[in-house]
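Per-chain numbering from 1; labels A, B, C and D assigned in written order.
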Amino acid sequence: MSLFRLLPDKVDVIQNNNKPDEKGTLREWLYITIFQSSTPLGKLFDVLLSIAIIQNIGLLMLESVPSIGFKYGHIFRVLDYFFLFLFSIEYLLRLYCVKSTKRYATSFYGIVDLLAILPSYLEFIYPQWHVLMVIRSFRLLRLFRIFKMVKFLDESRILMFTFIRSFRKILIFLFFVVLLTIFLGSLMYVVEFEKNDGFHSIPQSIYWSIVTITTVGYGDVAPVTALGKMIASFIMILGYSIIAVPTGIMSASFMEQTKHLRMDIKCGNCGSGNHSADAVFCKKCGKKLVADAQEDDKNV
Amino acid sequence: MSLFRLLPDKVDVIQNNNKPDEKGTLREWLYITIFQSSTPLGKLFDVLLSIAIIQNIGLLMLESVPSIGFKYGHIFRVLDYFFLFLFSIEYLLRLYCVKSTKRYATSFYGIVDLLAILPSYLEFIYPQWHVLMVIRSFRLLRLFRIFKMVKFLDESRILMFTFIRSFRKILIFLFFVVLLTIFLGSLMYVVEFEKNDGFHSIPQSIYWSIVTITTVGYGDVAPVTALGKMIASFIMILGYSIIAVPTGIMSASFMEQTKHLRMDIKCGNCGSGNHSADAVFCKKCGKKLVADAQEDDKNV
Amino acid sequence: MSLFRLLPDKVDVIQNNNKPDEKGTLREWLYITIFQSSTPLGKLFDVLLSIAIIQNIGLLMLESVPSIGFKYGHIFRVLDYFFLFLFSIEYLLRLYCVKSTKRYATSFYGIVDLLAILPSYLEFIYPQWHVLMVIRSFRLLRLFRIFKMVKFLDESRILMFTFIRSFRKILIFLFFVVLLTIFLGSLMYVVEFEKNDGFHSIPQSIYWSIVTITTVGYGDVAPVTALGKMIASFIMILGYSIIAVPTGIMSASFMEQTKHLRMDIKCGNCGSGNHSADAVFCKKCGKKLVADAQEDDKNV
Amino acid sequence: MSLFRLLPDKVDVIQNNNKPDEKGTLREWLYITIFQSSTPLGKLFDVLLSIAIIQNIGLLMLESVPSIGFKYGHIFRVLDYFFLFLFSIEYLLRLYCVKSTKRYATSFYGIVDLLAILPSYLEFIYPQWHVLMVIRSFRLLRLFRIFKMVKFLDESRILMFTFIRSFRKILIFLFFVVLLTIFLGSLMYVVEFEKNDGFHSIPQSIYWSIVTITTVGYGDVAPVTALGKMIASFIMILGYSIIAVPTGIMSASFMEQTKHLRMDIKCGNCGSGNHSADAVFCKKCGKKLVADAQEDDKNV
């Protein structure tokens, strides 16, 4: 999640630094089209690339289904080569049009773009590495670019900031949950391991207690002794209750966020409220907005 | 959910436009009875129609149970014909009493009403289409009319607005969750597919990761390798934690809603608060209410 | 839940009306001891009765375990008779000491008390009715009396009021969820019933969709077709998202509750805040508290 | 959770009282290093001890895996002895350097430290007690010491206080849930026990109703009768709805906490807000901050 926050901004900075000096050249035109979405062509490129990525991932998925993969194997091979060619060209163009090739190549998206084509080349040498092509699914992160063009940007910013602000609290909670699952898993191992093959080792028991406390409950492992069932009941009720903790943290965090967005500034002229946080003039009567405290100040 | 919001209003508009010009005729009487619920007879029609719909859906359900369906097959057939006749009459009356037949026929509820009877007629030609009768369950949407007559209307309005307001944030969250399940599902495929028949393809692995991250946990597919169980544990704890995000969004949204309903207007005469948002006079002393900001204004 | 609210108060009223007129008699002493908890003996009676109820329920549970029930059958029979005798005496004493016997006998707790002993007497005539003794577990409601004596009363009041206030919103949500499960269950029946024995009828499919949307996920029924798995994934993500709705409703309701408890009254003399809602004088300096609005009023 | 709160502080007090009187001696140096983390060496000791504990627990887990445990049994035995020696030395040093040996030995951490080594010594006499070594996992609580050194301390304080404040409300909720599971479990026993081996006794049925109401849903026990499935559906929807209660409690509690941290103090000079609760001077213009109420006071 921390990646999620850092990347877009970091990449933006890299891109700005990477912007070639010459103006009006093919290189700059390519740069603007590929890396930015300010021009219609840039937007089109983003959309087409997103479609290509989705199609490629879709093909990889279908190929992995045995009944389809065996039947149309040759078609998938051809399409794999097609997308490999497409993404290779795209990668080379990206390398060409940025100012600092090294900087792009070592950036997060640079590595993701490389990883999307590398396994396919390695496959020529080691055919058994074909399965590595799933790494390509990381390219789906590029889809976040689409959000940049639409109104979703603000919302996703708010989501990120809110999550990051409460990240530390949630981490402590998760540490506590992990400790609990280790305790309870070890306990269940002692209680059940002689009568239940499912609890054959402590790691397995901890796996079971995670399955239980998160209320997932596969049922591949389940207690059989009376004491085991009582402890399991306790773990379930515990998991059912403590989910309130991260939820409460996030709720408070979102409320805080909402408050900051709609500050309690009211127009001193017409009394209308609910102005956005960055408003300077009243949206109803146009008079300059002043915060309440300053208003009171004048009274004194 | 967006349907839920748009439909009732849209339909109301259509109905008002559809209202026949003549007054006091059978056609207008029929229109008021069938489409509106302002008259006692209109209310009765709504209630009776709702009961008929529920009974019809109940019969369809019972008929699908093999042991009951085979035994009382002929009774079900007779009742099917009865409800087909009833709903056909209702549909024809609706077509007759509205001004613009075409407008009703192409409206949402018009199509739902048609779909409720069409499959039964098609069944005479293609008996294997009998299963299409489940489309009738869409008619249950008509039950929302009942809410119009009771106090639940305001509450459901608030629910809808709150949900719609936070819809975009929840959509981004869901997009993020879907990306996560694709990543983690692909990863699990690579880790498990050789040792576990359950993970036989990437789509199946993604299905498993959705089952896991939403804490449903059927257990029809479960990891068997040590690494797979570790990744699964991570996915479970992730799913258990990030459910806090939509919950936090909705909580903040409902809080915001509550705030708007009970504005901070306090009576300038007796100081009592908690007036409803549309109150003009104090509910305790009867003096005219003024918002705080205006109050301050006078001070200046 | 509505029962939970109404009962204690309703019973209190009944008790007060039922209080015998004579003072200082055995009947009044019994009444105070059995029905009230103001005297030490009354408290002792409540505690002892609670213990007896818990032990009785515990015995019923143990008796139902085949391995224990068969082995110690005669002990359980003796203990059953003992508790039958105890609760019969208690019921007769209750009938004796209240003023209006009929009123108590037809009150909620009166019926619960009767139901706790009636099946055991009927068992002498119809031995196969032994299983009806589980009705006794309703007597556990008497445990709520214990709360009356401790500080938990206020908290449980707040819990109840908050729940009741948002009950209507949650009901609409549940109605919507039930409609959804009927739609999606019917849809899954059409998709899966030919290839999957688990979806053998529409009610069964609706049962499955409830299991899925509530994220319970037993796994006794699971989709097998590709389309079925896609619909199932959609249902899971839906269920995972919309749980935010009741949670948001309750969060807003609890926040509202908290606000009412700690009104924004600040002392005009020393400026200290956080007074309880019913405070009239400042808890720090003892000066009379006035609401903000009145304070402003004086300025004018 | 109550343990979680009480322990660290309680131990701190014990340590301060236990601090030896002599200054500059080896005993005091040992005390500061082992019990405190104010010196670099003290911090190093805490980190090293944490690593040793984690490694020890990790070894215990690996040892319990049959395939690994049998193969490398002798290595595990040697490492067990090594950690036994290490923790024994540590325990003896702790006993030596505190002033009141008895006080430490009877404190919570004193008992945990003893329990970490005792089973290993007992194992020499009773080899079948080897499984008791899982008690060592309690030593993981020592990891909370690490938090003391980093910024997580404040956050975990807030988490604890918030949880404790709403603990009573959550307890009432859980009591209600437990009553519900007993009612519904008993009911399901009556409905299912003749046709379903899974519901062979009331305790088993209650176990099933806990599994269901907490949305865990193992699927090892599932209803088979139509009535049983209807009741199960009701329990699932109930569990899905009432999870909103603890979540709402915690959300309100966290909101309350947030409010206290960021009091509504605004600078009287520059009008900037959002000062931290303990701020005395404005972070923007440096003028002394006064609370709003006091500001109003001057007006009067």
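For the reader, a short list of remarks on this structure follows.
The rule we apply is simple: a contact is a pair of C-beta atoms (placed from the backbone, for glycine too) under 8 Å apart; a residue touches a chain by one contact, two chains touch by 3 or more.
Note that the structure is predicted; figures quoted are calculated from it, not measured.
Taken together, chain C and chain D share the touching chains A, B. The most distant chain from chain B, with centres taken as the mean of CA atoms, is D. After Cα superposition, the angle needed to carry chain A onto chain D is 90 degrees, rounded to a multiple of 5.
Under half of the residue numbers at the interface between copies chain B and chain C are found on both sides, making the touching surfaces mostly different. The centroid of the Cα atoms in chain B and the matching centroid in chain C are 29 Å apart. Here the CA centre of chain B is 41 Å from the CA centre of chain D. Shown for chain A are the residues in touch with two or more other chains, namely 173, 203-204, 206, 215-219, 239, 243, 247, 249, 251-252, 255, 299.
In terms of inter-chain touching, the protein chains here all touch one another pairwise. Residues 168-169, 171-173, 176, 179, 182-183, 186-187, 189-190, 193, 200-204, 206, 212, 215-219, 222, 226, 229, 232-233, 236-237, 239-241, 243-245, 247-249, 251-252, 255-256, 291-294, 296-297, 299-300 of chain B touch chain A in their complex. Against chain D, the residues of chain B that register as touching in their complex are 215-219, 247-248, 251. Against chain C, in their complex, chain B makes its touches with residues 4, 57, 60-62, 64-66, 69, 131-132, 134, 137-138, 140-141, 143, 147, 151-152, 155-156, 158-159, 162-163, 170, 173-174, 177-178, 203-204, 206-207, 210-211, 213-220, 239, 243, 246-247, 249-255, 257-258, 266-269, 271, 273, 292, 295-296, 298-299.
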